[in-house]
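Consider the two complexes below, in which chain A is the common component and chain B and chain C are the respective partners.
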Partner chain A sequence: MNNFKTIYLREIKSYFNTPMAYIFLVVFALVNSYFFTLWFFPSNQSDMRSLFSIVPLAYLFFIPAISMSLIAREINSGTIELVSTLPIKDVEFVVGKYLSSVTLIAIGLGLTLVHFFTLVNVGSNIDYGAVFCGYLGLLLVGSVYCAIGVFASSISDNQVVAFIVSVFVVLAFFLMDKMLIFMPQGLVGIMEYISIDYHLSNISRGVIDTRNIIYFGSLIGFFIFLSLRTFDLRRWS
Partner chain B sequence: MIEVKNLSKNYGDVAAVKSINFSVKDREIIGFLGPNGAGKSTTIKVITGFLAPSAGDVIVNGMDIKTNQIEIQKEIGYLPELNPLYTDMLVYDMLEYVAGVRGIHGRAFKDAFARVIDQCGLSGVVHKRIDQCSKGYKQRIGLACAMIHDPKILILDEPVTGLDPNQIVEIRSLIKELGKKKLVLMSSHILQEIEATVDRIVIINNGEIVADGSNRSILRKFSGASSIEMELLGVDKEEVKKIEEKIDSVKVSSVRKSGSSTMVSLSCKGKSDPREDIFKYAVKSKWVVLGMSQKKSNLETIFRKLTSEAK
Partner chain C sequence: MVKDRKSIFVYTAIVFVSLIVLNIISRDVFYRLDLTDNQQYSLSSSTKSVVKNIDDLLSIKLYFSENLPPEEANTKRYVQDLLEEYVAISKGKIQIEYFSADDDEKLQNEAVSAGIQPYQSQILENDKMEIRIVFMGLSMLYNDKKEAIPILSRNISLEYELTKRLKKLTSQGKSKIVLAKVGQQELGVQNLTQILSEVHEVNQVNLADGINENVDLAFVMDVADSLSVEEMSALAIFVEGGGKLVVGQGRINASISSFQAEPIRSNLFDLLGSWGINIQENMVLDRKCGAVTVPQQQMFGGFIPVTVNKQVNYPFLPIVESFDKDQPVVSDLEQIILLYPSEVVENDSTTFSLFSSSDNTAVMKEFYNLHFDPESNPILNQLSEEGRSLATVSTISAGGDPQIITVGSSKFFTDDLGAGGANANGAFVLNAVDYLLGDSELIALRSRSVTSRPLLELDKSEKAWWKWMNMLLPMMLVILLAVYKYRSESRRSTNLQDRFE
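Presenting the complex of A and B:
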């Protein structure tokens, strides 16, 4: 049990030992602020909808970038042999790493709260529930993308490959909703259920349905499971 | 105690380890000896749980690696061949991390830390980043990581590579000291390194065990085998051949002309030293001897001998 924590803390430290985490946080905050202010003031509306539509776009590149090295670097440098021969369960290793990337995303989202305070200062009739749900949705989507990133990072010793694979998979989930019109009638229902946007917009509207939560939970579980399988396969190579 | 039974490991089509059997008792220092690509590291990686066996069993202290991997890993300290370390960490942090994973915290960590720093001679680099340490120090850091939990079983894959001669002597005596209380399995492809440290040698070649015995018995068996190189003046091939009839323990393995001299290689059987007989014979036959030297067989010839015997 304690190993989750040990792995997690090491990973967090290693994020903040390099410029990586700071660069990520600063750029992530700047990109989001830029577009937020670009749209927020002209729109004259007291909500954060513009932020909530920017962040998922920013995720597309930011999350693969912060997760690509998680496992791939250990495979590449050989430290995978060290951790695999320490009494650490695969699940502790993978989930510990996964949670560290989710934490970084959560900190990134935390920085955007600046805009929330702006809103509180200048806006009127603020729907706090909608803001909360919006953030919850972003955190859930980010968590799914991190799981995808961890999986991509587990299949190769090359971080660039991991990055490309995770951008590709994340993009597929992101675009699924937008492709619905090209889909045959029979598939639309299924594709809609699989697509991220469908569930994200449900949550953002303030409807927190268990089905949406189950959806996000099972996607995360699925990709963590795949990472564990690839991890185990390496032993049999 | 480690028991390896009919262990095989394939990498795709490559059979790296072919159904080997051996066991190691507690408080025994065992040396895995073999040329590059013999399968030493592969065997070690299976014992430590990094790779799964393709066939056969590894039993450590009565537990099966397939079902009790984590429990086994708690009892083993392992220094991998390439000594992978988190190079962006401080030496202290790295040791704290490994100790943490092994459930050693606080007071217990302080004690364990002081012990390995002392044993491995790391006091000068504790607060250095690992990538700023020299190769020899990195090797000691790897060793310290393997020993932080004072394991019952220590597995070291080529532990002295990258060390200078003084450090090699230090590490050797450390290993010997540790072997009084622990099971130590180390690998090497250098005979001298192994012979100075271990109680028992297992020679592995081409994925198979070709010899297994106490240090002394292995050395006695092989170190006698030697060859003698002679440089003679104006002696022809037929004449040289006659030496085989007079001295039983030598055989002429090659004769060639080099300018006016004749270069002769003699291989010697057993461990007797036939140089005196050869000298006397040369005098009697009125050979002009320009030079004579004896070559102890090195590991290469031992391996060649062993593998040709196996066929």
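Presenting the complex of A and C:
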């Protein structure tokens, strides 16, 4: 537990000791703010759907960018060999790094509370349950994308490769829902269930469903598991 | 750590399959927590049981136009979200297809032939509002049966409308309702027949011929004379055999056109009395009332007499707003209107009041003057008594199911005023039927509609302020954090420098 905490805090510090976190947060906030204000007032509706529809799109590139270096940098610089000699379990190492990226995403989402504050001030009949669930859904989607990012980062020592792999996998999950019309009828139900957007839209309307939570949990668990297994593979190669 | 390379893949495959199994199980065994206000995505148990009865593929086609105005776009989202809830509990039996019929003539024709009604609306196109023909409806197909909601407006109770139609599509047999005629009675019940026929099988029968035992519910209304022995016997056998009855009957036969009135002498009141329902021989007037149009003489130019029509309040048309909130059949109603109603007395054991007149009531007895002018009719200046019960729900035996709903107005269910004459009266009729037939949950659904959530009215400068605040504040917060971090790091580095120098 101590090792996990050390890795987690070290990674958080490394984000904020370099311009990386600030650049990410500024650009992330700018994109969200721009599209929120663009759609919020013309829609004339007291909800945050304009924000909740843009954040998953912003995630597509931002999360691979913040997660690409998590493990690939350690492999590239050789510190991974050093870490393997220390009494640190692989799971502590991977989960510590993973949670640091999720924390950065949560801070990014925290900045959008400015938009929530606006909604509270200029909206009527606000459905707070739906807003809460919307944020929960965004955090879960961000967590899945971070897990994919960690996995992509673990399979290569090249950060660019990790970024491309991560964008590709994240994009595949994201686009699956949009490609259903091209799918054979028999596959539609399965593909719909696999797509991230389907589960996000379920949660963000204000309903917490164990099926959605299990889906997100499964993806997070699976990609973290795959990251751990790539450590094993590297060890046996 | 895994012991060898091969077992890494085996281990991965096991975890992968386990997660798939977990997800498959979770599709059947799940729990949902609806955090929205009014629990708007929690389908009622009535809906759930209807969806459970679907044993074949039911296809729902949604036809929507793009770029709808905000209110309609909100309705569109609500419709989509609610339908997803139906899909979620249907275990794959309900399938939804979305169509945008804006520029596709073939789709538009298909929509119209499916029962969707195009209508004119203002839509946002190229940054300006334009009047366009839009589609916003849905059709349902189940086996070879079809149903449609022609226009999905925000004023309709969507879950009620959907569930009602699903029930109609999937039920093997409709409930049988009869409108019983007494003697040579001619019932003006076109509106009542129309709204009931949407879900039920409705027929008119002569009460003297008896009511078939497979009839679920009967209406008796506007009786002006005594029932024959056969009619009395048929009604008694039907009710005592468990049949449900809705009665629309006052004690005074009054004509709104001639302002004439006289008490009704009928053995029907004795029969109702034997079931604990006592309709009093009186007429209830209320200051909260509807208006009638009456001709009045006026002098045009000071010397030419002309007749003009004028609307005057008419306390013989009470508008009821006092409903018993403990009775599901009326708990969601806001207003209904009655014509020449009589008081229906409740008792403690088997008959309960559903709604009453206001506390600005007067009760007319023995001598009936229907004039609208307080100068000719002094009782109109004495509307200060407490409210009187105007409708009841009764059970034949204490503790039994509700079996009879009585409204103390003969014209309540007829075309003169009732089911079609006033929308809220129509809602009460449907509630009464659903309640007696055991579908009381459908009643709660009827009052559920899309909640309007517009933004507050803001002037241009306020809007601009909020826009800039939203654009700049998040970035400013990050920049402030960066500056704080930079300064604390600089301080730390200076301290270290000082220490080592």
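We adopt the following convention: the second predicted complex is superposed on the first by the 237 of 237 C-alpha atoms of A that agree within 3 Å, B and C clash if a C-alpha of one lies under 4 Å from a C-alpha of the other, contacts with A are read in each partner's own complex, and residues count from 1 in each chain.
Just so it is clear, contacts are C-beta pairs under 8 Å (C-beta built on N, C-alpha and C of every residue); 3 or more make two chains touch, one makes a residue touch a chain.
Values in this document were obtained by computation on a predicted structure and should not be read as measured data.
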For A:Ser69, is the partner it touches chain B (first), chain C (second), both, or none of the two (neither)? neither
- Task: Tell me which partner A:Asn17 touches in the superposition: chain B (first), chain C (second), both or neither.
- Result: both
- Query: Of the partners chain B and chain C, which touch A:Gln159 in the superposed model: first, second, both, neither?
  - Reply: neither
Partner touching more residues of chain A, chain B vs chain C, is chain C
- Query: Touching A:Gly221 in the superposition: chain B (first), chain C (second), both, neither?
  - Reply: second
- Quick one: classify A:Ser84 as touching chain B (first), chain C (second), both or neither. first
Classify the contacts of A:Asn2 with the two partner chains as first (chain B alone), second (chain C alone), both, or neither. first
- Query: Who does A:Thr37 touch here: chain B (first), chain C (second), both, or neither?
  - Reply: second
Using the superposition on chain A described above, determine whether A:Ser143 touches chain B (first), chain C (second), both, or neither. neither
Using the superposition on chain A described above, determine whether A:Val207 touches chain B (first), chain C (second), both, or neither. second
Dual-contact residues of chain A, meaning touching chain B and chain C, are 17, 235-237
In the complex, the residues of chain A that touch chain C are 16-17, 19, 22, 25-26, 29-30, 32-34, 36-37, 40-47, 49, 90, 111-112, 114-115, 118, 121-130, 132-133, 189, 193, 201-202, 205-211, 214-215, 218, 221-222, 225-226, 229, 232-233, 235-237
Seen from chain B, its contact residues with chain A in the complex are 11-12, 45, 48-52, 70-71, 73-74, 76, 78, 80, 82, 84-89, 93, 97-98, 100-103, 145
Touching chain B in the complex, chain A uses residues 2-3, 6-7, 10, 13-14, 17-18, 77-82, 84-89, 235-237
In the complex, chain C touches chain A at residues 1-2, 4-5, 8, 11-12, 15-16, 19, 22-23, 26-27, 30-37, 40-41, 70, 73-74, 77, 81, 84-85, 88, 92, 124, 451-456, 458, 463, 466-467, 469-475, 477-479, 481-482, 485, 489
